[in-house]
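Before I ask anything, here is the structure I am working with.
Going by the order they are written in, the chains are A, B and C; count residues from 1 in each one.
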Amino acid sequence: METDLTEERADERATARRPDAQLDNPAIAVSPDHFQRPGPPNMKEKVFELEGISVSYGDNLAVKDVSMDIHQGEVTALIGPSGCGKSTLIRCLNRMNDLVPSASVEGRLLYHGEDLYGPKVDPVQVRKLIGMVFQKPNPFPKSIYDNIAFGPRILGMKGDMDEIVEKALRGAALWDEVKDRLDTNAFGMSGGQQQRLCIARCIAVEPDVILMDEPCSALDPISTGKIEDLMMEMKRDFSIVIVTHNMQQAARVSDRTAFLMVELDATEQNRWGRLVEYDDTEKIFTNPSSARTEDYVSGKVG
Amino acid sequence: MSDQFDPRSARARIAVAGAKSVTAGVLSDQPRKDVVRNTLFASVLFFAIAIALVALAWLVTDALIEGAPRLNADLFTNSSSSLPLDAGLKGAIIGTAWIMAFVALFIVPIGIGAALFLEEYANKESRLARAVEVNIQNLAAVPSIIYGLLGLAFIARGPLDLGFVVLTASITLALLVLPIVILVAREAIRSVPPSIREGSLALGATQWQTIRRQVLPAAIPGIATGVILALSRAIGETAPLLPLGAATFLTTDPSGPFSSFTAMPLVIFNWVKQPQEEFQVLAAAGIIVLILMVVVMNSFAIYLRNRFEQRW
Amino acid sequence: MQASDIAASGPAAFQKSRLEAARPRYGERVIYYLLAACAAVSVVTTTAIVISLLIPSLEFFGEVSPADFFFGTDWSPTFEPASFGVLPIVVGTLSVTFWSLLFAIPIGLGAAIYLSEYAGRRTRKVVKPILEVLAGVPTVAFGFFALAVITPAVQSVWPGFLGDGPGIFNVLAGGLAIGLLIVPIIASVSEDAMTAVPGGLREGAYAMGATKMKVATRVVFPAALSGIVASIILAASRAIGETMVVLLAVGNTPNLTFNPTEAIQAMTAFIATVATGDIGTGTITYKTVFAVALLLFAMTLVMNLLSIRLVRKYREVYE
């Protein structure tokens, strides 16, 4: 068992240590061969498999040719400077890009082996399984209870609603703070509490994956810390993908990190994001394979 | 339109022209003349507003004074009659109430439906959406008498052939005030932030679930305001009802959608036309009642909006 | 079970992929079409208006030559022998509109400039609601006001040297009443246009030492000009379409004159008087009414389209 893992890791390291002759064209550290290799028996299941994903808004390319696997039960971080397409990419995972009429997605995106963009796939169903927490907390103008109960109610979840609400609030480490005022309007809470409410709302519908698009960027450090602790707990029940432009946060919370960078075309008029390196978090931050990654995580560029 | 018209250069041109003109003015005028001129100008402007306010006050006061003798209970318990002493607004008020009930019945679902379609479902660039928008803008400015002719040709007669009844008047007036409801409803719906919709959809709600349970509840105060404003406009409209065969004298009060109808402004209009002085007094009294109704409804609409408006 | 096993067995092994909808969502489709139908009501209304006006009008012009209609000066369509020269009622309408604009433009613009450049919060809180009340007063009240108050007032202050004073029905009273009615239109659309002028333009002028009056007249007013013109066109269109005031105060006899002391018949008054429930579909009278209505509709439509374009133009520049 151990050997298989090490073998797998060794293979990864080997492919990653390719010479950076392609510096001018940012190196993609994950080799295309990676996908054809079947995983060893105790490898964690892949939740998402991205193969050559490119996203455009109308004629403008936003993300080019991203290939990576996201694994079950892990926290996967997407880091990179602004404009590198992290948010665009994460919104492909729960088909929120469908809401933008001009958006188009190319490539293959598999969810537990099924094509997420298949002809018969229902985006609404997708979003039940893959939840999202947004950058700015967006509680509904209702009571705390009704905020949490909204999802389960419309999805027709069976069970005692009070229990469902309590379970969700406990899961978001919010129960003790609000258990006496579940009927009060959610807008009366602080920013950090509102964001944890949004997380609880997400948890209540029992998704498989939770996507987080810069969930702490609008919050103070203490609230940020609380949510980061929460993520460690949540990892047990959900797979988490988090976009953050706070590198230290990625280093603190994630198991694997993907670093994206902006690429310009020859005329410097068009820009899009590309995946530079994707590896264990420890490796990305201590011994990255690409010089560009090193420059970014050490703060030389940003 | 913008191929010959560049907004940026238009802005620049206006700014430069303004600056030029002001500089010329500043450099050429003497300071003392300025102060006098300025106070005079401000006074002229204030005077202009004052004229409008005085005229309005005059209108209301005159009606009040002239109608005072008949502003009593009789006004509301008597119905139409050729004898001024026996005449009153009862039938007219009942008629107006019936007509407005059906106007509301039409404009609420259709107005909200159209607003939802334009804001939530339609691709804003599409031909259908643009056509609908242009239509609504134009309909808002069509003279009201023409709606009356539409009612005569297509509703009272023509395809619908309902005859000269309450329902005909209601449909005609509903079409007249629909643009108001649509405009206000759209604004109310638009004021719900996109983040609310995103949050709902991200949980696995369908578009209609999101609209029904998040967007509409938040927009209801604004929409209610629009409906009340539309109704207060409809209450005062006389011209569209003239071609629709309103009964000048009703023997019985209107009792349903298919009764012969009359309405307050119509009755008042008839009274004004009568030569006898007593009918003029009645007309003045009726006008006061009508103005009061409109003012109360508008104030209520504003109160509703201020009290229940969702602040994001 | 390994990941590869699940991928291999896939949808074939389970009844249904977990990404498919539990049941097909017909309801969403139905709702879409229902809402589209509501939106289409406006299109249907416009079409119905155009058709209802066009068909009798075309029949009308089959019986009456357009030259007689548009250039004739004798309007007596309901008499024997009938005459269909529309000029008297068009001139009557325009005459009333002229006087209404003469009154409304200075008042409306004055109010707009005051509200936009001078008024403090407290003044606004008083003035704006009053303008809104003015906008909400039913037109039959304005008609009564014109007949019962304005006409006697004008008659009593009429200077002798101007000749005979106005009679019971006269253009002037109707014009003044309609003028009061349309003041809110000019005031609110112009104020909108003026407040849309960016503060930066004003501040630049103040910084050069300009007074409020100069800023208002030489910077804001020219900058908002297209919106102001739009407001005037909109108000004129409203005045042209006004029925109750002319019916009650301006008379019902066609009279080709520009004299404001005389009584005339406006297009709307003709329509309202003749189009009662009694007229029969298909009679020449019926067709005449609709022909005049078509003319009225065309006039107001052109004016409205023009003012919409002007409003869009100033919005483009500043927003």
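Note that a contact is a pair of C-beta atoms (placed from the backbone, for glycine too) under 8 Å apart; a residue touches a chain by one contact, two chains touch by 3 or more.
Please read all numbers here as calculations on a predicted model, not as lab measurements.
K.L.:
Return the chain whose centre of C-alpha atoms lies at maximal distance from the corresponding centre of chain C.
P.N.:
A
K.L.:
Most contacts: which chain pair?
P.N.:
Pair with the most C-beta pairs in contact: B-C.
K.L.:
Central chain, going by Cα centroids?
P.N.:
It is chain B that sits nearest the middle.
K.L.:
Roughly how many whole angstrom separate the Cα centroids of chain A and chain C?
P.N.:
One centre to the other, that is 55 Å.
K.L.:
With chain centres taken as the means of their Cα atoms, state the distance from chain A to chain B in Å.
P.N.:
50
K.L.:
Using mean CA coordinates as chain centres, what's the gap between chain B and chain C in Å?
P.N.:
12
K.L.:
Two-or-more-chain contact residues of chain B, please, as numbers and ranges.
P.N.:
206
K.L.:
Quick check: what residues of chain C touch more than one other chain, meaning two or more?
P.N.:
Those would be 25.
K.L.:
Considering chain A alone, which of its residues make contact with at least two other chains?
P.N.:
Residues 124-125.
K.L.:
Under the touch definition given earlier, write down the residues of chain B that touch chain C in their complex.
P.N.:
1-2, 5, 7, 10-11, 14-15, 17-19, 21-23, 25-26, 34, 37-38, 41-42, 44-49, 51-53, 55-56, 58-59, 62-63, 66, 109-114, 116-118, 121-122, 128, 131-132, 135-139, 141-150, 152-154, 156-158, 164, 175, 178-179, 182, 206-208, 232-233, 235-239, 242-246, 265, 268-269, 272-273, 280, 283-284, 287, 290-291, 294-295, 298
K.L.:
Provide the residue numbers of chain C that touch chain B in the complex, in ascending order.
P.N.:
Touch list, chain C to chain B: 25, 27-28, 31-32, 34-43, 45-46, 48-49, 52-53, 56, 106-107, 109-111, 113-114, 118, 127, 130-134, 136-145, 147-149, 180, 183, 201, 204-205, 208-219, 222-223, 234, 237-238, 240-244, 247-248, 268, 271-272, 275-277, 281, 289-290, 293, 296-297, 300-301, 304-305, 308-309, 312-313, 316-318.
K.L.:
Provide the residue numbers of chain B that touch chain A in the complex, in ascending order.
P.N.:
My answer: residues 123, 193, 195-196, 198-206, 209, 213-214, 218, 310, 312.
K.L.:
Given the complex with chain C, which residues does chain A contribute to the contact?
P.N.:
Interface residues on chain A, with respect to chain C: 38-39, 41, 43, 45-46, 111-114, 116, 118, 120-122, 124-126, 129.
K.L.:
Give every residue of chain A touching chain B within the complex, in rising order.
P.N.:
94, 96, 99, 101, 124-125, 127-128, 131-132, 134, 136, 138-141, 150-151, 154-155, 198, 201-202, 205
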